[in-house]
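Multiple structures are listed underneath, in structure tokens.
First chain A sits with chain B, and in the next complex the same chain sits with chain C.
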Partner chain A sequence: MALLGGACLVLALGVCAYGICASIYGVRAHRPEFSESGRRSVYALAGILTVAFLVLELAFLRNDFSFNTVADTSSTTTPTFYRAAAVWSSQEGSLLLWAWLLSLWSSLVLFLTRKRMREVSAYATAILLGFGGFFISLMIFYATPFATTNPAPADGVGLDPLLRHPSMMIHPPMLYSGYTLCIVPLAFGMGALLARKVDAEWIRATRRFAFAAWLFLGVGIMLGARWSYSELGWGGYWGWDAVENASLMPWLTGTAFLHSLMIQEKRGMLKVWNVSLVLATGTLAIMGTFLVRSGVLSSIHAFGGATLGVPFVVLIGVLVIGSIYLVSSRREMLRSEHRLDSLLSRESVFLANNLVLVGLCFVIFWGTYFPLISEALTGHESSVGPPWFDRYTVPLALVLVLLSGIGPVIAWRKATFANARRNFMAPVLAALITLTVLLLAGVSAGKPFAIAMFCCAAFVLGSVGQEYWRGVRVRRAIAGEPVPTALVALVKRNRRRYGGYIVHIGIAVLFVGVAASSSFQHVSELSLSPGQSTKVGAYGVRYVRPIATITSQSDKAHTGATMSLGAVLDVSKAGKHVATLSPSEGFYDSGDPSEGSVSHLIGGQAVSHVSMNSGVTRDVWSAIAPDISTPRLQRIMTIANRTIPYIRPDEGMIALAVLEREYLKAPPPAQFKLIVSPLVLWIWIGGGIVLGGSLIALWPAPSAVRRRVSVRARSRAARDLARA
Partner chain B sequence: MNPARKRTVRLVVALSAAVILASALIYTSFSAASPTVTPSQLVREAVPGHAYQLTGKVKPGSVRHEDQTLYFSIQDRAGGAAVPLSYTGEVPGPFREGREVIVTVEKQGTRYVGQQDSLITKCPSKYKETPSQTTSS
Partner chain C sequence: MGAVVAVLTLILLAVVIAVVSRPLFTAHTPRDPSELDDSQAPARSELEVAREAKYREIRDTELDYRTGKLSTEDYDAVNGALRAEAVEILDRLDALDGEREEPDAE
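And then the complex of A and B:
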């Protein structure tokens, strides 16, 4: 099987080399049959990499520990779902996933554009295959997923327990889909510049892919945040870490592109800006991949060796230099067809939105790469922390949310005073009412940014709500439809516009959750014994009793923990019961006999299993770190290690049962972290709204389908008439 | 004002604003940054009163709680020099002996004190180096 996988990689590299040559020869020598052959080699690449991926996936599912990557990231005790997803938890497996997804998306876009833009497509094919060839080369020469060990170990190390969370299993494919989809517009943008065909055709052909890249990246970021909040035991969802920032940067430039491309489509403006944004987004996606694999920056995510740094630096260098050369050498063709008519226009607001997004990206880029910059300039590596990021990103985020409310209601070309008054009355009123209510409720104390964000969000809801209301009113006047029918018909007629507005609502809701939860959070960290209580904000929390389970089958979180120790907590408010929480900590087998014949069963990583009560207004979040280092419990382990042989894990489990009983009989004080965060749920709801709006915007409009059908029908009718 | 001149003025204003903002960004990043050091570098280079971002592993057997204060030592990834420090504030859930952490510290006299809420535990999530031996591929 490993041989088949390895052969697939070599064959795939050969296909890439052939496809690049065929595509470029086809377009340069005006031999379309070669360009066509190049395009087909992308389909072949997708097929070959699908086989390679299946070989590796099967190795994981069959516990084939002769594969090094299986032995390093899976084990017989790893639950099946996590075993299937462990493929991409290793460096090698994730590279294969990257290349495979790229080949699939490339095949899709080249299939959809097979009858258009032949020259641009041929160059794009060569570029896409170039990226494919790069990642396949990495797998052949640096980190092969099909390396084997002989004889195979009896069991593997197992998937890192922290990764045993459903959202963490979906998070990498989402992010990689986003990254690889970012490469599609980059390839077509470069193709358009190389072919000197820089009209809006390539943008129309890849617009959906750019949107899909943005959507997948967004979902990946949200899943990562959710995992961090509900699994990592620190109660946060964003830490301005280098790896988090790496995924956010292409998302920001992608957002800017999705707005500015409308100006190019409608008015033929911002061509240089758009193509630069596309190239920057693709390059940032590669930089994100580089950052995760190179270990060049200090991150809270611990990475291994820095073996892949040099090839990535070379690729990024080629991309940056190539992009600058192409844009500057084609600048004459990229001249705008129109000028900005007024600063009070939708074009200006889109431009401002772009500048804010690119500014945000620059701030994050500077802060993320500051350790490298400072070392290069001063010889000493220094880094900036979350307060530095917050200083710049919070005001920029406020402006961004405000602009997302102004954009939908301001007129194209030039807004008049009367027009502005009519369009901004309702949104401004919504913001003022929100401010008044907050001030009357006494929420303002020392949190001006949070208050400003609530008002900006109300402004967005007001402006988008007004747009929907006007659209529905017009439909009712024309077609006499009831409100729900008119609303659905309105969205159906212009999915891109109204889906986009829903995305704006989602972003506003998400930022409300972020502002509230980061500004008005209550945290308590303390040691409690059963029966003791504490206060967190307005909530009382009482440690009722300890809980414990042994054997991976009874692990409540289904992560394969050998032993779990936790607590039952009673949460109350003003004397009334609110919720019962049961946070626990899972202990895992380390597989290291030197720790002791029984101790190794719980000697691996200990992982917090958070318990929380989520509500519309607040989350009560809890995590526990139980203490098993007391002399009484350690004595049990020492005796067990001495008397039970390593080869009798069943007897080891009996010893753990004794430990469990003793722990429950006289539990030592446990360390708790308790958080009451307002409106956290709205972050996830906001993310869901963004997803829903994006899907609506992405879905092809039925009118377009009808138009295509009617054009075909008309031409057929014309032919029939001509014949008659 | 003719349109060409108007555009030039706008461009100059926009570029000036961008330069001012970028300068502020660069200045504050250098003034707010703290040097990243390993325990052995900290022992050699620490100046009292200066903040350093210390990266290393929590030394096994060094962790103890006293009231609200956490005492532990951080040593180089490869072992060797260990820096004992006291810390108050938020302790991330994954904090354990042997885990990699990042914490902002200051030397106060002969002691090292962690800045409140600055402790970050590295997430041991991906791409760990493993001792597997490759025999064929």
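And then the complex of A and C:
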């Protein structure tokens, strides 16, 4: 089947090459049949890559270790659930996933625009196929997913234990969907510039794709944060890691675009800014993929090798230079149709929001690429850590949250100070009440940014709550509906506006969780023996007893670990039992015989299995690093390595059972990391609210789908309205 | 196995060629009314986008007014300007369309 997969890639590359030529010829020579043929090439590409992806997925599910990729990233002991996801854990599989998703999204957007924007679509088709061709070329010439070894090894190395987490099933597809969806507006933006048709139509055609890209990236980022929090054993959800930042940057510019496109749609303004944002977002998405896959910057999330750096750098160079050329050569036709009517208007707030978002992106870009920049300038690689990022991003985030509360209560075009004063009353009151309550509750004034964030969030809740309340009141006055019906009708009729407001609430809630958990958390790292206790914040934690399991079948975390060692912890507050936690560490087969016939069974990367008690007000989080290097335990391993042959892993498991028994009988002190973080749950709840609001805003309005009134009928109606 | 793969590849190739080349071998007959006069299509679709945006702007302005974000004076001025702009767009669409009525007019 590897042959079929390889043939699919060659065929796919041929289709890309043909489609690019046909599309460009079609639009240049005014031969629409060729443009149509080019568009169909994208559909064909999607079909071919679907077959290729299925071939690879089947190889993983069938444990076909003749595929090098399968042998490198899966094994017979890897649970089926994770075998299915192992496809995208490898360099080759992730490239195939990228190209496949791009082909699917490209097919969808080209199908939806098949009767519109023929010139723009034709150029966009060529650009989308260009990206597809680039990734397929990488798979053919650099990292083929269908390379095989004959004879096939009996077993594979297994999936990286760090990736054996449920969120890893959907985190990469979400992130890659986000990245590939970012390419759709980029292709249409470039197409519009090439075709010199820079009105709002290309924006309208790709707006939902830009929104979907933003949504998928957001979900991917949240899942990544959740994975980091519950799998990596350091207790954080965001560490300003290069790969984390790489996914955040296009999300930030995408957020800016989603706001500023409304100004272009309504007023014909900000055309240069919008097309630049789209091009920057697409380029940042490619740079994100480059960071994960090139290994150019060290990251706990980077799983690629160093072979793909040069092709990616060339692609990014072409994108940057091409974008700058296109925008500068079309700047005359990108001139704004109107000017800003008033500084006190929603347009102004959106502009400010855009500047903050792009500022955030710039700060993160500088910090992320600083190692490369410093090495290029000084010859020495230096990097910046979380405190550097926090110094600049925290104030900007505060302004951003504040603006997300100001925007909803300011009118489009022009607002008066009198109206603004009245509209700001409730939000400001909410912020002041929050401040008073916090100070009365004795929340430390030594955390000014956290307190400011709580107040800003209250301001947002106040302003959005007021908007909903006033909107419902208007509906009730017009239609006499009861409150729930009026609320539903209000949102249904104005999905983008009220869905967007829900997103603002979600962001505010999320930042409350971030501010509280990062400012008021208690951390304790210490060594404990069974029976010993410690205090973490207001909580007492007692190491009750050790626990241990061997073999993959009985592995509690179901991750295929050969052996897991952990502890039962009793958590109490003011003498009352709160929770029982059981953190453990999984030991995996390294597959390296040189470590010893038995030692290799547990010689792979040790992975922490976090245990936590999550609540509305706080999380109690625990991780353990058991010590198996004591002389007594090492002696067991030495004897086992000497007496048991490598080809008898069953006997090796017996030796591990002896090790387990000895560990339980006289457990050495274990290293614990214990964290009590307030309001962490609200980060995930905030993310859920953002998702819900986004889906409401993204959902097509029934009127847009079905309402078709003749132009003349509308014309008459509008004239009547104008006379009324 | 090799023969099966070769056959599957050939079938895939045939399907791809059939899908991709079909427009080249079928006469291009416009089905959509907007395709009848292709020279007008871009201008029309641009105006239709502008029209939808203007309608949305009128609705948003009305909602802003009703929810207390605009004074009556500002609302009258902005609303009047928006409606005048909408009428201008509709006139331009009318001029493009001539006497042709859409069959599914409500």
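Here is the rule we go by: the second predicted complex is superposed on the first by the 700 of 724 C-alpha atoms of A that agree within 3 Å, B and C clash if a C-alpha of one lies under 4 Å from a C-alpha of the other, contacts with A are read in each partner's own complex, and residues count from 1 in each chain.
One rule holds for everything that comes next: a contact is a pair of C-beta atoms (placed from the backbone, for glycine too) under 8 Å apart; a residue touches a chain by one contact, two chains touch by 3 or more.
Here the structure is a predicted model, which means the values were calculated and not measured.
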| item | value |
| --- | --- |
| Superposition on chain A - do chain B and chain C clash or fit | fit |
| Which of chain B and chain C A:605 touches, first, second, both or neither | first |
| Which superposed partner A:433 touches (first chain B, second chain C, both, neither) | neither |
| First, second, both or neither for A:483, with chain B first and chain C second | neither |
| First, second, both or neither for A:525, with chain B first and chain C second | first |
| Partner chain in contact with A:36 - chain B first, chain C second, else both or neither | second |
| Overlay on chain A, chain C to chain B nearest C-alpha distance, Å | 14 |
| Residues of chain A contacting chain B in one complex and chain C in the other | none |
| Residues on chain B engaged by chain A in the complex (per definition of touch) | 3, 7, 21-22, 25-26, 28-30, 32-36, 53, 55, 65, 90-94, 96, 100, 102, 104, 118, 120-130, 132-137 |
| Contact footprint of chain B on chain A as seen in their complex | 2, 6, 68, 71-72, 89-91, 94, 144, 146-150, 157, 160, 162-163, 232-234, 239, 292-293, 298-305, 339, 359, 362-363, 366-367, 370-371, 374, 380-385, 387-388, 391-392, 523, 525, 527, 605-608, 610, 623, 625, 671, 673 |
| Residues on chain A engaged by chain C in the complex (per definition of touch) | 1, 3-4, 7-8, 11, 15, 18-19, 22, 32-34, 36-37, 40-41, 43-44, 47-48, 51, 115-119, 197, 199-201, 204, 265-266, 409-416, 418-419, 422-423, 467, 470-471, 474, 494, 497, 704, 708-715, 718-719, 721-722 |
| Complex contact set, residues of chain C against chain A | 2, 5, 8-9, 12-13, 15-16, 19-24, 26, 28, 32, 34-35, 41-42, 45-46, 49-53, 56-57, 59-61, 63-71, 74, 78, 83-84, 86-87, 90-91, 93-94, 97, 101-102, 104-106 |
